[in-house]
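Scroll down for the structure; my scribbles are underneath it.
Lettered A, B, C and D in written order, each chain numbered from 1.
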Amino acid sequence: MLTIGVDIGGTKVAAGVVDKDGQILDKVKYPTPANDPGALADVVAKAVEELRGRDGASIGAVGVGVAGFVDEDRATVQVAVNLGLRDEPLRDRVQRRVGLPVVIENDANAAAWAEARFGAGRGSDHIVCITLGTGIGGGLVLGGELHRGRFGVAAEVGHYRMVPHGRRCACGNHGCWEQYASGRALVAEGQDLARTDPDHAARMLEIADGRVEGIGGECITQAALEGDAAALECFRIVGEWAGLGLADLAAILDPECFVLGGGVSDAGEIILDPVRASFARHVPGRPGRRLAQVRLAELGGAAGIVGAGDLARR
Amino acid sequence: MLTIGVDIGGTKVAAGVVDKDGQILDKVKYPTPANDPGALADVVAKAVEELRGRDGASIGAVGVGVAGFVDEDRATVQVAVNLGLRDEPLRDRVQRRVGLPVVIENDANAAAWAEARFGAGRGSDHIVCITLGTGIGGGLVLGGELHRGRFGVAAEVGHYRMVPHGRRCACGNHGCWEQYASGRALVAEGQDLARTDPDHAARMLEIADGRVEGIGGECITQAALEGDAAALECFRIVGEWAGLGLADLAAILDPECFVLGGGVSDAGEIILDPVRASFARHVPGRPGRRLAQVRLAELGGAAGIVGAGDLARR
Amino acid sequence: MLTIGVDIGGTKVAAGVVDKDGQILDKVKYPTPANDPGALADVVAKAVEELRGRDGASIGAVGVGVAGFVDEDRATVQVAVNLGLRDEPLRDRVQRRVGLPVVIENDANAAAWAEARFGAGRGSDHIVCITLGTGIGGGLVLGGELHRGRFGVAAEVGHYRMVPHGRRCACGNHGCWEQYASGRALVAEGQDLARTDPDHAARMLEIADGRVEGIGGECITQAALEGDAAALECFRIVGEWAGLGLADLAAILDPECFVLGGGVSDAGEIILDPVRASFARHVPGRPGRRLAQVRLAELGGAAGIVGAGDLARR
Amino acid sequence: MLTIGVDIGGTKVAAGVVDKDGQILDKVKYPTPANDPGALADVVAKAVEELRGRDGASIGAVGVGVAGFVDEDRATVQVAVNLGLRDEPLRDRVQRRVGLPVVIENDANAAAWAEARFGAGRGSDHIVCITLGTGIGGGLVLGGELHRGRFGVAAEVGHYRMVPHGRRCACGNHGCWEQYASGRALVAEGQDLARTDPDHAARMLEIADGRVEGIGGECITQAALEGDAAALECFRIVGEWAGLGLADLAAILDPECFVLGGGVSDAGEIILDPVRASFARHVPGRPGRRLAQVRLAELGGAAGIVGAGDLARR
């Protein structure tokens, strides 16, 4: 049996035919319609029909990944801020249109599942996936199963508290992990450095055409890859905080492997080295504890489609 | 089928016959032999034999709970500091003596399992048990299964980091949760108060015969139950930190229910109220998020025997 | 001899004739010209001439208070962001126009001096004045003298670090005191509360016509004066942080008296009580240490004129 | 006129004849009598008489430095824990015995005064002296005068709060600066490193004959001077925290110069470099602010005698 995985992003809806080995056999892409649940279900249905038209009758189910809180029945999107959805019965809407079994999944969960089954975590039963994007997302595979939690909102690791009374977060709390170890945190470090020590940050400023506000994640990554000391310092600081978080997650979950994805992880060893060093220094039970692996994600942007498709199969 | 659950504590080995409903049908108790793995296995075997002698042939397996790191095969005690065990093949030693299938479990995991199956967490698939004893222990039941982690050391929640650069912990790290929300933390608050504001702490000092060092957990609990403002303040502070930890665990695990046990929980509503208030104020996703329950443990000291016995059945 | 004190604010230039007892005998007010140092000196001169015209020849000196960094010679405004001044020789500009000796002072220093000599701190030689306004300003009178520091920028207490890795501050640092204990911090607490617990914050929301962003300092103060629990909680939190800061300042400076001014102090006992409680609980050397007084400022908006005028006399 | 400065330490009483240029012309030393105020005054008197016998009639006053809280009249030692003194009228006891004017000073204040007048701070009017010993002591010279505070206990900088809810301090508070940036903190870093990463700490362990508890300040300093990476890391961490404290003190006091003394400063540039870097990175007002100097103390162990003697002259 084949399945179709759909990844609903803020700007595009990407869908693909996924086989039992996690390979994408065919793929289509449409723009995401804004703030219109009916139109969104139409687009998903259109993508599914197009792939079915080309790939025949062997498709047995559809999995849809979406950036938002999904309830424990995998039917309703409770909240998806960027898509303007609230208490949206997305599963039924799509199912009615395509006439196939449909499941809805949180997109970070779908991606984590893909990495656990076919990517950097394959072979392990206990995987924690961390997406270091603009914020921090997460997915947990425990005992070989995706852990969604009682209300479907587990693995919101970006909002566990790293620093009491710390930096204000858009979620209303203070000190959330994603204020310290995300892409946004990396950019804040770079811009702070450029403001308070422009000489030290000269290379980043140059890449950003001299504007502090122009210093973004790609600019810092480029400078770091060139060996620029200031950019490397930004990654070192963010990596230190990221590793602190992994240490906490290891204390709680004892996984075999952490998989790091998201834009910050594009820097490869430059972010991996400080994360691993910080993790090893801070995890409880040293010395003697067997350390979880820390690896880079392998599936990149395809993880969402692969994971949603594979979860629909199960 | 009946099973035997054994709870190896620092001073006594307690064993009981456990039925499929988590009832203890019969019970024996022996002193714990010090620092002698062979003698320890002998005592466990003696307890098992005594119960079998009285309760007949229906006993099919033995579960042994021990305060220490147990490997993922449930056979070897990696480290049990208080019992002087290191890389101890306890399962095989006991099995050889009693001729029944044996499993070894971490004692906090065993107790959590008992609460999840037969105590405050029954009916829920996602339970986080927190033991607020001298330190903080934990046990996770996720998707209806005990979550031991890859290396058998999951749920060491007492050592996830609450405060960066915080209070020094015996584990070698700083800022561990148990430095803020355990029984030891409660006592530290009480003694600090007595030292710096003896008038305010007068009732606690009176109970402790005037000695600051004499202020212990029971003294603070007694004063709090009498309504003493200073003692209530100690519980409020510790409860605030405990609730912060539950908020983090909810962000990560999204359980249906937290079960609080250990000596600090003997204060009942006095600790439960501030924990719940702090949890509700700090958990991410407010307003709108469905909140996990926070309940007191129900099985008390029997949880270890019941959980070890029931886990041996599976 | 009489003097003239001038208080240059963001919207108005207020000037008054000050006698040796800190009384204001006459007063004028003009709008502040925007971003034009010459025009600003003209306005100051015009105010001085008007007062001299009415009050005769007994005026011997002029003191000008300005919200900015003033150098140690009391001649140059290094930076005054809100007035658009940078390296501005304000003393000489004004002196040339009025033909009297002129000194320039930081406005918080001038106000502190007034409170120390004629207000809540009179009779004491060691006073720390804290202005809990939008941000936090300060002034130190030590050994009976205004302490300006080596480079004229002492008492920038709003930017000493309360929380490592704490809330981001406009100054480029993290965790500055004014992110926790200022009027802006009070408003942030009120708005956070309204966002995450609208029921609890109902009275504040009502005063603010239902809009979270409409909750400002006066709204919270009004609700608190009515006894609203949520508003009182906001003051309690801010007062706790304010008292922590006083404890640090007492450890460093050992003053006889703290004087609290600024908009937050308009709440009177409602802010004073939690500040005093927090200070007493956190100051080192307890029990036994003689505690500094914590008092409300007495001179209100006149402090700037009185202080600038009196400092010109010396 | 010459004076005599006396430095009462935990193990010895050192006294010297001090001239107006801060030179010690003659010196004697006796063991400190334990817990006997009368005997202590006898020893001080004996030292004074011996020096007077040798140095004639030109001695006009005696200054006595003592590690403890001294009241604002410089007459009474309120508390000196290590000497067993409490509300001790030390000035009158000594004065009666020697028949000369006597003043009592806090020893850190005396040492700060000596550095400000004759040592690393000479030529500056605003000096902050920090003694990085077992704990952290301090002394403030502001506007050319020793700042003792209203109750004589200013400059207890070791106990201003660096980290809310941070490491427990013997003073009863949490998070005091001296828990992070003192000699004791340095040793704690070294021992932590040796416990959790013995390979990395191999050289320090070797110097300490393999015992973690044997790693002390001198051991870490020796390893650091040899270039050992682990020991340098210990100094870097402690220097980072020390610089954070200087940044706070600069925000509050705006001194011209910080003078660092005490055992930790024996490492010279090894501690000075990270302190300066951290100070420059964290002080508010960057870029643009004129930075205070950070210098090593110059007078070493003689500062106590010189300062006490010179303060007696004034």
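Operating definition for what follows: a contact is a pair of C-beta atoms (placed from the backbone, for glycine too) under 8 Å apart; a residue touches a chain by one contact, two chains touch by 3 or more.
Small disclaimer: the values here were computed from a predicted structure and weren't measured.
**Student:** Where centres are the averaged C-alpha coordinates, which chain has the largest centre distance to chain A?
**Tutor:** When every chain centre is compared against chain A, the largest gap points to D.
**Student:** When the C-alpha atoms of chain A and chain D are each averaged to a single point, how far apart are the two points in Å?
**Tutor:** Using C-alpha averages as centres, the distance is 52 Å.
**Student:** Between chain A and chain B, what is the gap in Å from one C-alpha centre to the other?
**Tutor:** That gives a centre separation of 34 Å.
**Student:** So the centre of each chain is just the mean of its C-alpha atoms; given that, what is the distance between chain A and chain C in Å?
**Tutor:** Centre-to-centre distance between chain A and chain C: 47 Å.
**Student:** Where in chain B do residues touch two or more other chains at once?
**Tutor:** Within chain B, the residues that touch at least two other chains are 163-165, 172, 195-196, 286.
**Student:** Between the chains shown, work out who touches whom and classify the graph as line, ring, star, complete or other.
**Tutor:** Graph shape here is complete: every pair of chains touches.
**Student:** Taking the complex as given, what residues does chain B use to touch chain D?
**Tutor:** These residues of chain B touch chain D: 163, 165-168, 172, 174, 180, 188, 192, 195-196.
**Student:** Which positions of chain A touch chain D when the two form their complex?
**Tutor:** Interface residues on chain A, with respect to chain D: 164-165, 196-198, 281, 286-287.
**Student:** Given the complex with chain A, which residues does chain B contribute to the contact?
**Tutor:** Contacts found on chain B: 69, 79, 124-126, 138, 140, 142-143, 145, 147-157, 159-164, 171-173, 176, 244, 247-249, 251-256, 282, 284-286, 288-290, 292.
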